[in-house]
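The structure appears below as structure tokens.
Think of it as A, B, C and D in the order they're written, each chain with its own count starting at 1.
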Amino acid sequence: MSWLLPHGASTFVGEIDWLYYLILWITGIAFVLVEVLLVWFMIRYRARPGRKATYYHGNTRFEIIWTSVTAVVVVIIGVLSAGRWNRIKGRDMVPPNATPIVIHAKQFEWLVTYPGADGALGSADDFQVRSQLHLVVGQPVSVLLTSEDAIHSFFIPAFRIKQDAVPGMNIRVWFQPTEVGEYELGCAELCGLGHYRMRATVTVHSREDFDRWARDRAALSVNK
Amino acid sequence: MAHAGALHDEDVMLPPPGREPGAGVYNEKLGMWVFLGSEVMFFTALIGTYIILRVAHPTAWKAPGVVLAVPITAINTFLLICSSVTMVKAFASVQDGNLSGLRKWLIATVLIGSTFVGVQVYEYRHLIEKGFVPSEGLYGSTFYTMTGFHGFHVTIGVICLIFVTWRAFQGRYSAKDYRGVEVIGLYWHFVDLVWIILFTIVYLI
Amino acid sequence: MRQVLIGGMLLTVAACGGGGEKAGSDTATPAGAAPAAGAAPTAMAGGSVTGHVKFDGAAPANPTIDMSEEAACKGKYTGPALDPVVMVTNGMLGNVVLYVKSGLPAGQTYPVPSEPVVIDQRGCLYHPRALAIMAGQKLEIKNSDPVLHNIKALPTKNRPFNISQPTEGMTTTRTFTTPEDNVPVECNVHGWMHSNIIVLPHPFFAVSGEDGSFTIKGLPAGTYEIEARHAKLGTKTMSVTVPADGAATADFTFAATGT
Amino acid sequence: MATTIGHVDEVTLGGAEVHADTRSFVRKYVFSTDHKIIGIQFLIMSLIFLLLGGVLAMVIRWQLGFPKQPMPLGGVLPETMAPGGVVLPEFYNSLVTMHGTFMVFFAIMPLLVGVFGNYLIPLKIGAPDMAFPRINMASFWIAVPAGFLMLAGFFVEGGHAAAGWTSYAPLSERSDLSGVSMGQILWCISLIVLGLSSILGSFNYITTIINMRAPGMWWFRLPLSIWSLFVTAILVLLAMPILSGAIIMLLFDQTIGTHFFGPAQGGQPLLWQHLFWFFGHPEVYILILPAMGMASDIIANGARKPVFGYTSMVLAILGIGVLGWGVWGHHMFMSGMNPTLGTSFMISTMLIAVPSAIKVFNWLGTMWMGNIRFHVPMLHAIAFVSMFTIGGLSGIFMAATPVDIYIHDTYFIVAHLHYVLFGGSLFAIFAAVTFWYPKMFGRMMSPFWGRVHFFLTFIFYNLVFFPMHNLGLHGHMRRIYDPTQYDFLKPVQPINELISISAFLLFATQLIFATNFIVSWFKGAKAPENPWEDNGLEWTVPSPPPHGNFVSVPHVYRAPYEYSSPFVTEDFLPQNRELPEGVPSAAPHS
């Protein structure tokens, strides 16, 4: 029941978690303030015989204060969000040295096409793997998301990345893993009866490890 | 409060008497104006979709006149405008208490309105024979949905007009109480206005 | 009041429309199954056709399946999992559907076999990979994997269905009401799982086992044209005369290229 | 308009209101044109659908708490839904879809707009009935077939709609993807019919509030519940046709093969999301504004003190009504639309958080220096304020687009929407039903059982929905049938079990409310004329009010919340009470 975000392993983790904790602080304070005031008023001003409530219609100064305070706080959060949002989702912010990968989402599987040794998609040495995403630590990846049938959503909790894959659209999403290890990828948009089964493993290798895997992986001819 | 029943017959065309001043018009007229607000949003949804799809996928549409018969529909549009004119004439004559004029113009409006629907049904049959069906593509889908629902609204309008005409023949309307005529007139002008927009963006572009 | 009537009418249409369909799919409706009225269904005769389906030439390599993401199924294979598209064991070809293509008296109706045709999902593969069934006969779909399989059948003449079996040991029965040449069946959770079903108006069919052998029983005397169909290698036909109560043999051979 | 058909005593405008009642049983209680009877008819229908939505929620919680284990009483379900009591994934998707659809369209919306819109508007503004009584009756009797059509969906081939209550294309429009064909079609037709019923209701409410306010009932003397119902009626009027248009296009895609949302032939799946959420966000304000208005009334009554900042509360309602149209994109940050749109929708969403904050502070201000009576409606209203605060605050996490990247479509969103819908609207509905029950039925609901139900509901409600925030923060995706498939969700499965058990207890507690509601109908204590000593016009007529409501047109002399006024000894001052000369009719406005 913790309010801390689980351990993350991508460059976005720093930016998103910091903003989340900031909002958690702000809303936490607001929450405690309101609920304590509420409980205090309930106790302090409960009905007692012979007592009459104060005939009071409100106070414009208070109204202006709490309206402007709320407005300022939300605008600050908005400004802080806009920069991060553009860095993460901006269409022109994909780092040039990112490895291109195509992930084709279909009902209840992720078909991942790797560029192969030459690092370029569309060449003969590309190979496709079912529901396995293998990455190199520290190497940014630029994923081209396509979908064959329904809307799926490419969601890796550990990398704090989520992007819907919409049939008929090619959507680019990029991220950069920072820790070797094994993580999970799930589908976050209802896409039919097997929506809960669209699980894929995400393995972040060191460079040599990845090359070794890619070499013997390319040898296997994978069925369509 | 004096018993207000006595005033009941004379000023039924005014907003409800003895109440806080509201919109200054009687309930049915205000109700129709508000209802037309919801109809505007309904056609916004359909026409908005058409515009978005056409901007995103222009090749699905053909040049004007290639698939759709513009001349016949132009005449049809003229007919619908005429029916608005006859509606105004009907409304003017009931205001002057000219009940026979009211009946005459109402019948004219009903006839022209139903001719409009007839021509549209004929055009649909002709188009479907030519193979232009809703499942043909975006062009067919948007065309039939928009013009189909407009035709549906015109048909409802004609049915209500027939009902108003029938009550006119019963002598229900007079110079002092012509609410039915005015309310259906509002609806009719709205439906005519929507067609003018539809005719331009569907047939002429 | 007018809207109320329309609403009411819509409601009755939906309710009886719903009711009617429901009965059609699950329970076998014998009346619907038999094609033409024709003579009353006869008892099963004694004749039968047996034989083997041979395969000459080198068997092509079956594609390997990457089941690494499905540990429960991967565990059921020692080596790499192969998709038995062309299942050849010492020269014999399995997964071939054989059935009487013509020669049955026209308009003759046959009793629907009571025992269901079973298609088993084991090791994330369909066993058998192809099968035939009579219209109206129960198709029993069994899931022997502790893993979700969904069975999506997309026939054109029959009603398509898309059902799921999340737990091991689950069985679901469905019936096809009208004969259809090819009903593709697939599992969307495992993209490599494919199967084909042919729905026949009569009960004379069989699927060749791993040893390539098959028997079609209950045939009345007469000469028939038997067709053997393999999902990848195509079809072959052969005409056979069946005695009143004996067995006729019919051996098919498929080649690597397959005509 | 005076009608000559049938019974004589049709309500006449402006004339003597109350007549001898000569209508037959059917005209009086079944096909009645009396806004009070229609209000009660909506109440019964929506409470039934609320219960049904709750049952669906219990099956969902069983499957999430105890995945793939046979459900007790599960055997009653047919083999296509739960063979051997084990819920199937496609049935689970139908459950999720129908739980959302029933609760939003057939429980909360009719309860707020259909029941209290119908019952309170004429009474609180001093009108004899709605502007168009027969259209009002038609509005209910069109909603009934819509309900049956939606129920029929469970019994058709392929099961009920299974694409979420938002029914995203292309899953919703292609039966080969979802395995559902007739169910989705029935879902569409039912909502189109319900849309017609809502539109008929909304222009009726708007005309009544504008044109039929009693003399003296100026716009700024309207109770806040009527203000919120007025703005809500405008939102319904303008939003429901968009939904009808969008669903008609979806229905055509499914039936006659048009290509609005199918990507294969040029259609756009995002277009459905835009259309749905352009309706969807005003819809969620339709689901909360009446609750806010009625909570304001009840809190002012409970605190025996005028509402803090009446004018700013009205401006906040209008602000929410207007800004509500410009924020729909925040449901679609991840949908693949252009990211720069994400920034603009984030800004408009941040702006709309301000009016909600104003309302919360004003409710607190109302209770400040009050003389608070803790009657059962007041308990629910206070719970509404505290729970709505949590819902509002959790909304800010989602408005911040980078944080939304992580929590979109997770259980954090489910927690947020249940805090505003259950914690917000449903607590306000419990308050409103208990508060106006004596006016509707002439009897009081038992205060003891009301308190038992309140405390148990409050506890179990928080036990169910508060941990969902933590599930969401852990990455638990929405609408998944069996969370144990994911290793990173296995450690949080005990939370799912806790939520499920609390949910069963929460459902059991609602049976207390149901019994209290039904038993009090016959055995409840006779209601005094003004049980809560409220200022509203509805308490100046007998309970239940006769057909035509007021013997003579009431005259309004002051604002609705003149509690603890120095000019009278009692601590309440009804709006229509005439004071002797020289006594100001309203205090100087803040």
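One rule holds in what follows: a contact is a pair of C-beta atoms (placed from the backbone, for glycine too) under 8 Å apart; a residue touches a chain by one contact, two chains touch by 3 or more.
All figures in this text were calculated on a predicted structure; none of them were measured in a lab.
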Remotest chain, chain A as reference, centres from CA atoms: B
Most centrally placed chain - per-chain CA mean versus overall CA mean: D
Interchain centroid distance [CA atoms averaged], chain A/chain C, Å: 45
Whole-Å gap separating chain A and chain D, where each centre is the average of the chain's CA atoms: 31
Chain A and chain B, separation of their C-alpha mean positions in angstrom: 50
Chain C: positions in contact with at least two other chains: 148, 150, 162, 164
Per-residue overlap in chain B, given as positions that touch at least 2 other chains: none
Multi-partner residues of chain D (at least 2 other chains): 88-90, 178-179, 267-268, 481-482
Chain contact graph, described as a line, ring, star, complete graph or other shape: other
Set of all touching chain pairs, with the criterion as stated earlier: A-C, A-D, B-D, C-D
Chain D partner contacts - residues on chain A that touch it in the complex: 1-6, 12, 15-16, 19-20, 23-24, 26-27, 30-31, 34-35, 37-38, 41-42, 45-48, 51-60, 62-63, 66-67, 70-71, 74-75, 77-78, 80-82, 84-86, 88-91, 107, 149-151, 153, 155, 157-158, 160-169, 171, 183-184, 186-197, 199
Of chain C, residues touching chain A in the complex: 63-66, 68-69, 83, 148, 150, 162, 164, 188-192
Chain C residues touching chain D - in the complex, by the definition given at the top: 1, 3-4, 7-8, 10-11, 14-15, 17-19, 21-22, 24-26, 148, 150, 152, 154, 159-164, 166-167, 170, 172
Interfacial residue positions of chain A with respect to chain C in the complex: 106-109, 111, 129-132, 192-194, 197, 199-201, 220-224
For the chain D and chain A complex, residues of the former touching the latter: 88-90, 93, 96, 162-164, 168, 170-171, 174, 177-179, 263-264, 267-270, 303-312, 334-336, 338-339, 342-343, 346-347, 350-351, 353-354, 357-358, 360-362, 364-365, 367-374, 382, 385-386, 389-390, 393-394, 396-397, 399-403, 405-406, 408-410, 467, 469-470, 473-475, 477-483, 485-488, 495, 563-566, 571, 587-590
